[in-house]
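Two complexes, one shared chain (subunit A), two partners (subunit B, subunit C).
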Partner chain A sequence: MSKESDLSRRELLKTTIRGIGLLGFGGTGGYLVGRESQSETRWQIDADKCIQCGRCATDCVLEVSAVKCVHTHGMCGYCKLCTAYFEPEPVNLDEGAENQLCPTGAIARKFIEEPYYEYNILRDLCVGCGKCVKGCNMFGNGSMYLQVNHDLCINCNMCAIAVTCPAQAFRQLPASSPYKLRGKGEGGK
Partner chain B sequence: MRRAAGWIMLVCLLALAPVAFGVERFPPPDFTDHKVPHLVVPGPETRGVGWIDVVVLSVGLLWASWLSLKGRSRRGVVVLSILSLLYFGFWRRGCVCAIGSIQNVALGLADPTYAVPLSVVALFTLPLVVALVWGRSFCSGVCPHGAIQDLVLVKPVKVPTWLDEVLRVLPWIHLAAGVLLAATGGMFLICKYDPFVGIFRMAGPRVMLVAGVAMLVLSMFVGRPYCRYLCPYGALLGVASRFARWRPTVTPGACTQCRLCETSCPFGALNPPQPVATARERVAGARRRLVLLVVLLPLAAWGFAWIGGRAALLSMPLHPQGKLAALVAAEARGEISPPLPDELLAFHQHGADLPAAMSSAMALEKRFLMLGRVIGGLFGLVIALKLARILFPEPTPDYETDSGRCVSCARCFSACPYELLRRGVPVAVPEKGGRNG
Partner chain C sequence: MTESPNNPPDADSAEPDAAANRRSLLRAALIGGGVVGMGGLAGFAGKRLFLTEREARPKPPLGPEFTYDVSRFQQTDPAMVKFTEEKRFATGMERPRALALGADGSICVGDGSGLRRFSAAGEMLEEMPLALPVYSVAARPGGGWFVGHAGGIRVLDAAGTEAGWWAQPEGKFVPTSIAVTGAAIYVADAGGRVVVKLDPKGKKIAVIGARDLDRNLRGFVVPSPYFCVRMAPDGLLRIANPGEHQIEAFTTDGDLEIAWGRGSFAVEGFCGCCNPVSFEVFPDGSFVTCEKGLPRVKLYDAHGGFSGLVAGPEAFPEYLKAANAGTPEVLNVGIYAAIDAQGRVIVLDSVGATVRIMRRKEAAP
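This part shows the complex of A and B:
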C-alpha cells in the first residue's frame, strides 16, 4: 500500500461523496422549485377561526403589524349603536374619544340618514388589535374582521403571528388570491 | 337608563341567538341615494423580488469564491461583506436568509402542501453547492450574519481547543431541534432565536435586541461566535466543504513551514502540520479507525436515536397543536383555573371537539417520536465521526486551512511570505523549520 494509492483512494472517495452531494442538493432544489412555481403563497387569516386575542397587534415582526381590520360594508347593518365602535357603556352615542372602543381612534363614523351611520377603517391608524372585530362579531354582523394586508406584509418564511396564534387561524393562500374576505364579490384592487 | 335597558335586552337576545359568524343580525339597509362602498384590498406590492435575491446571491457567491481562491484579497472580502450586510441584512431585513431556509426546506419536504419560495430554495442550495466546489465562500462575505461578526472583530482571543471542540457540537443540536420543529409544522426555532435580525430590522422583542448586541460585543473578541458555535447552516456547509474540489490555501506556492501564519486565523481553522505516518503506522492506524467506527457508529446512532426520541416528546409543547393538547388534557384533569388561556378559548369557541383534538395529538406524538429518533440517530453519527476525526486527524504535511472550519475570510494570506513576494513586497523567505530555525 503505497502513499500514492492511499491518497488517490481518499480523493476518489471525496469525489464520489461530492458527486452525491451535488446531485442531492440539486435534486432537492429542483423538486422544491418545481413545486413552488405552481403555488406561490401568502399568509392570511381565516376570520371564522379568529378569536381576537390581540396577538396580531403584538407578534408581527413589523413594528406596526401588517394585520389590519377590514370592513365589508355590504354586510354592515349601519347601526347607530355600533358595538365595534362604542365602548360597552358609552357616555353618549357620539364621536367623543371617551366613547370609542378603538384604542387608536382608527374608525371614522359618518352619518348617512336616520338611523344609519357608516363606519370606515382608517388603515394608517389601525394596529390590528381586533377590539372592534370582537365587538362586531359578538353583537353585530361580523362585517369587520382582521386580514393580513399584503402591501405591508413582508411574507416571512414562517409568519411570526401564525406561530403564536392560539386559534391556529393563519393559512397560506395562493399569491393570486391572498385574501379571505367576507361577503360576495368583495375584494377589488 | 333606557339605553342601559336596551343594552341588557340586546345582550339577552343575542345570548339566545345561535352563535354563528358573519350572521346578519341587522340586515344591511337599502339606501336610496347612498352608495355602499366596495371593500378594496391592497395586493402584494413587489413580485419578482425573489429573482433579484437569487441574482445577488449568485454574483456574491462567485465573487467571494474568486476572492478567496484567485484574487486572494482580504480587502475585497471586506468590501463584499459590507455590500452583503447592506443588501441581505439591512435592505432585506435579514429575511430571506440561508440559515432559516433549512426550516423551509425541512417543512417543504415533510409537507407537500407547503410551498417553498424560489429565493429560499436558492439560498439553501446554492451556498451548499458552492461549498462542495470552492469551500465556504458563502460564509466569508455573502452571509450577513457572518459579515456583521467579521467586520467588528478587533482583538481575537484564542478559544482553548477542548472548549472549541465541545462548543462546536452546539450547531448540530440547534440544527436538530430546528429541523424537528419545522418539519412537524410547529415553529421556526432558528428564526425565532436569531440574534441578528433584531439589529437588521432595528426593531424586535427586547430579548432579541439584547442578545444581538451581546453577540456583537462578543464578536469583537471571539471570532464569529455565532458562525462557529450556533449556526446550523454553518454546520452543513462545514460538512460540504470537507469534500470541496478546490479550497483556499494559505500559501500561493510552496509551504516551508515558517510558522508565520500560525496565529493568523482568528477562527481556529488553521491546522498545523500532522506528521505523515510510515506505511506500517498507516496500516495500524487504518485498522484502529475501522474498529472504532464499526463499534462506535452503530452504538452512537442507536444511543442518540433513543435520546432524540425522548427529547422530541419533551419539546412537543413548543408545537401549537402539542400545546393545545397539553392544555386540553390539563383542563380535563381540572388543573386549569379561569381565566382560560387563549388556546382553550379558541378551542371551546369552535365546538371543543375533544376526540378530534386527541387523535390529532396522538398522530403528532407519533410524528415527533419518529422524527426525533431519525434526527437523533443522524446526530449520533455526526458525533461519532467528529470523535474519529479528533482521534485520527487527516495527515497534512504543511500548514493548511481546516477544510470544514475555514470560512474563506482571506486573513491568513498576508501572513505568508510567499504571498507577500507574489504581491511584490520584498521580504526574505524564511527557511524551513521555523522563525529561528
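This part shows the complex of A and C:
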C-alpha cells in the first residue's frame, strides 16, 4: 500500500511537471505567434490629416509621448525667421528663451550662412504637442510634422491616442516601413 | 499480473494489454495536445489583448503656453481698410493660384488643371484645360497668354491654342510669376531662386538676382513656391525676396538699386517666413501686396510706406478657419492680386477659390 502510494505520488508529480512543461511550451509558442502577428503593423500619423490638437502629448500611455516632431530638412527653407521656432512677434531674431515658440526648448537653431539657419528637433525634450507644427503649417511649407517614434512606442493593440484623435489621423502601416515622412512618401525613415 | 524476464506474458494476455497501452497513449497525446493548445491560446491572447494594452495614466491638459495663438493679428482696425468689396464670384476651381488680367479686362485664373477666363461680372468666358498644373499666367501682347508650368512656359494665342513651348530644362524651373514688357519677358523661378529674362521668342538672355556678393547681391530666399516679379512705372523691376520680407528694385540688367520691407506680424510688416507671396504695382508706383498665413492684402506707397489695407484677415473666413484648425489645406495656398484699368484691385483667394473685385472706398458710388 505504501509502495503503491509512493508510486502514484511520483506518477502524479511526473504528470504534473509534464503538464506544466507542455503548458509553458504552448504558452511560449502562443506568445511568440501573438507577438509576430502583432508586429505586422505599426501605428503612425498621417501628417496630411493631423490638426495639432495636442492630444499626442497628453493621451499616450507612456509618461512622455512616443509622438515627436520630425523635420524633413530637404523641404525646409532654412529661414532666418522660422515660424516653428520663433514666437509670432519675437523681441529679437535670436535664440533667447523669450523668443522661442517651443515651451520645452526642443528645437535647436544653428547658423549656416547668411541668411540661412538650420533647425533640429531635440527629441528628448519634445513632448509631441505640435505647437511648432502649427506655426510651420500656417506660414511655412510643412517641413515639420508629428510622427510616432517606433523605438519608443510600445505599439499598443489599440493606440490610446488613435482612439481620441479628433482628425482620425492615425493609421496602421506595415511594420517593415512604419513612417510616413513628407517628401519621401510612406515607408521612409 | 507482474511481468518479469523470467515470467514473460503469454501471447493471449499480451494483446489486450497492448490495446490498453495504445488507448492510454492516445488519451495522453490528446490531453497533452489540448494542454499545449490551451497554453498557446492563453499566450497568444495574453500578448494580443493584455500585455500591450495599457491604460493611459491621466495627464494634466496642456497649458496655454502649448497653444499656437496668432488671433490678435487676425483682426484689423476697420479705419485702415481703404477698399470695399464690389463683387465676388466663385471660380469653381481647385486651389487656384495664378491670376492675370487680359487687355480687354477679362480675368484669367489658373489651377492644377488649366485656365478659366471670366468677365468682370463673373461670367465664365472660356475654359482652357491644360495637361500641366499652372503656376503663373500673364497676358501676351497682341492677345493670348503666357502660362508658367514646372519646366517651361507655354504660349497660348488669342484663341487659346498652343503657339509655343519654351522649355527651361536647367535645374528645377518653377515659374511662379511672369512680367511682360515690350522687350522682354521676366519669369520668377522659385526653383532656381532667380528671375529669368527671356526675349519675345523665348530665348534666355539673362539671369537676374543670383547670389553674387561682389555685386552686393545676397540672392533671393524663397522657402516655398511664392516668388513674384513685376515691372514698375519707373522702369525698374520689382522682385519679392520673401525670405527677407522685402521687395527689391532691380535694373533690367540685374543691378540691385533699392529695397524695402521688414518682417513683422504687425500690419505694417510682412508676416511669417515667406511673404509677400505676390504683389502688383499701381500706375503711380505704389503697391498692393498679398500675404499668406495671415491673409492680408495691403497698400504701400512707392517708397514702401504702409498706407492701409485692401482687405484684412477677417475678410477671408474660409482661409482663417483652415489656418486656425491646423489643417494642411493652408499649405501651398496664397492670395494673389491684379489691378484693372479702373484702379480696382482684383483679389484671388486660393482657399475660397473666389475672385473679389475691390474698389477704393472714396470712389465707391
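Throughout what follows, the second predicted complex is superposed on the first by the 144 of 189 C-alpha atoms of A that agree within 3 Å, B and C clash if a C-alpha of one lies under 4 Å from a C-alpha of the other, contacts with A are read in each partner's own complex, and residues count from 1 in each chain.
By our rule, a contact is a pair of C-beta atoms (placed from the backbone, for glycine too) under 8 Å apart; a residue touches a chain by one contact, two chains touch by 3 or more.
No experiment lies behind these values; they were computed from the predicted model shown.
Within the superposed three-chain model, A:60 lies in touch with subunit C and out of touch with subunit B [touch as defined at top]. Once chain A of one complex is fitted onto chain A of the other, the partner contacts of A:47 extend to both subunit B and subunit C. Touch criterion met: A:103 reaches subunit C, while subunit B stays clear of it. In the superposition on chain A, A:77 contacts both subunit B and subunit C. In the superposition on chain A, the chain among subunit B and subunit C reaching more residues of subunit A is B.
When both complexes are overlaid on chain A, the residue A:147 reaches subunit B alone and has no touch with subunit C.
Contacts of A:22 after superposition: both subunit B and subunit C are touched. Of the two partner chains placed by the overlay, only subunit B lies in contact with A:166; subunit C stays clear of it.
By the document's definition of touching, of the two partners only subunit B reaches A:183; subunit C does not.
Common to the subunit B and subunit C interfaces on subunit A are residues 18, 22, 25-26, 28-29, 32-33, 35, 37-38, 47-49, 51, 53, 61, 63, 76-79, 81, 88-89, 116, 137-142, 154-158, 160. Of all the residues in subunit A, the ones that touch subunit B in their complex are 1-3, 6, 14, 17-18, 21-22, 25-26, 28-29, 32-33, 35-42, 47-49, 51, 53, 55, 61-63, 70-79, 81, 88-89, 93, 112-113, 116, 118, 120, 137-143, 147, 149-158, 160, 163, 165-169, 172, 175, 178-179, 181-183, 186-189.
Only residues 3-4, 6-7, 10-11, 14, 21-29, 31, 34, 36-45, 47, 93, 95-96, 100-101, 103-105, 107-109, 112, 114-118, 120-122, 124-125, 128-129, 132, 182, 186-188, 191-192, 197, 201, 203-204, 240, 242-245, 276, 279, 282-283, 320-321, 324, 341-343, 345-346, 349-350 of subunit B touch subunit A when the two sit together in their complex.
Across the interface of their complex, subunit C is touched by residues 18-19, 22-35, 37-38, 47-54, 57-61, 63, 76-83, 88-89, 101, 103, 114-116, 129-131, 133-135, 137-142, 154-158, 160 of subunit A.
The part of subunit C that touches subunit A in the complex is made up of residues 32, 35-49, 52-57, 59-63, 65-70, 73, 218, 221-224, 243-245, 263-266, 271-274, 292-293, 323, 325-328, 330-332.
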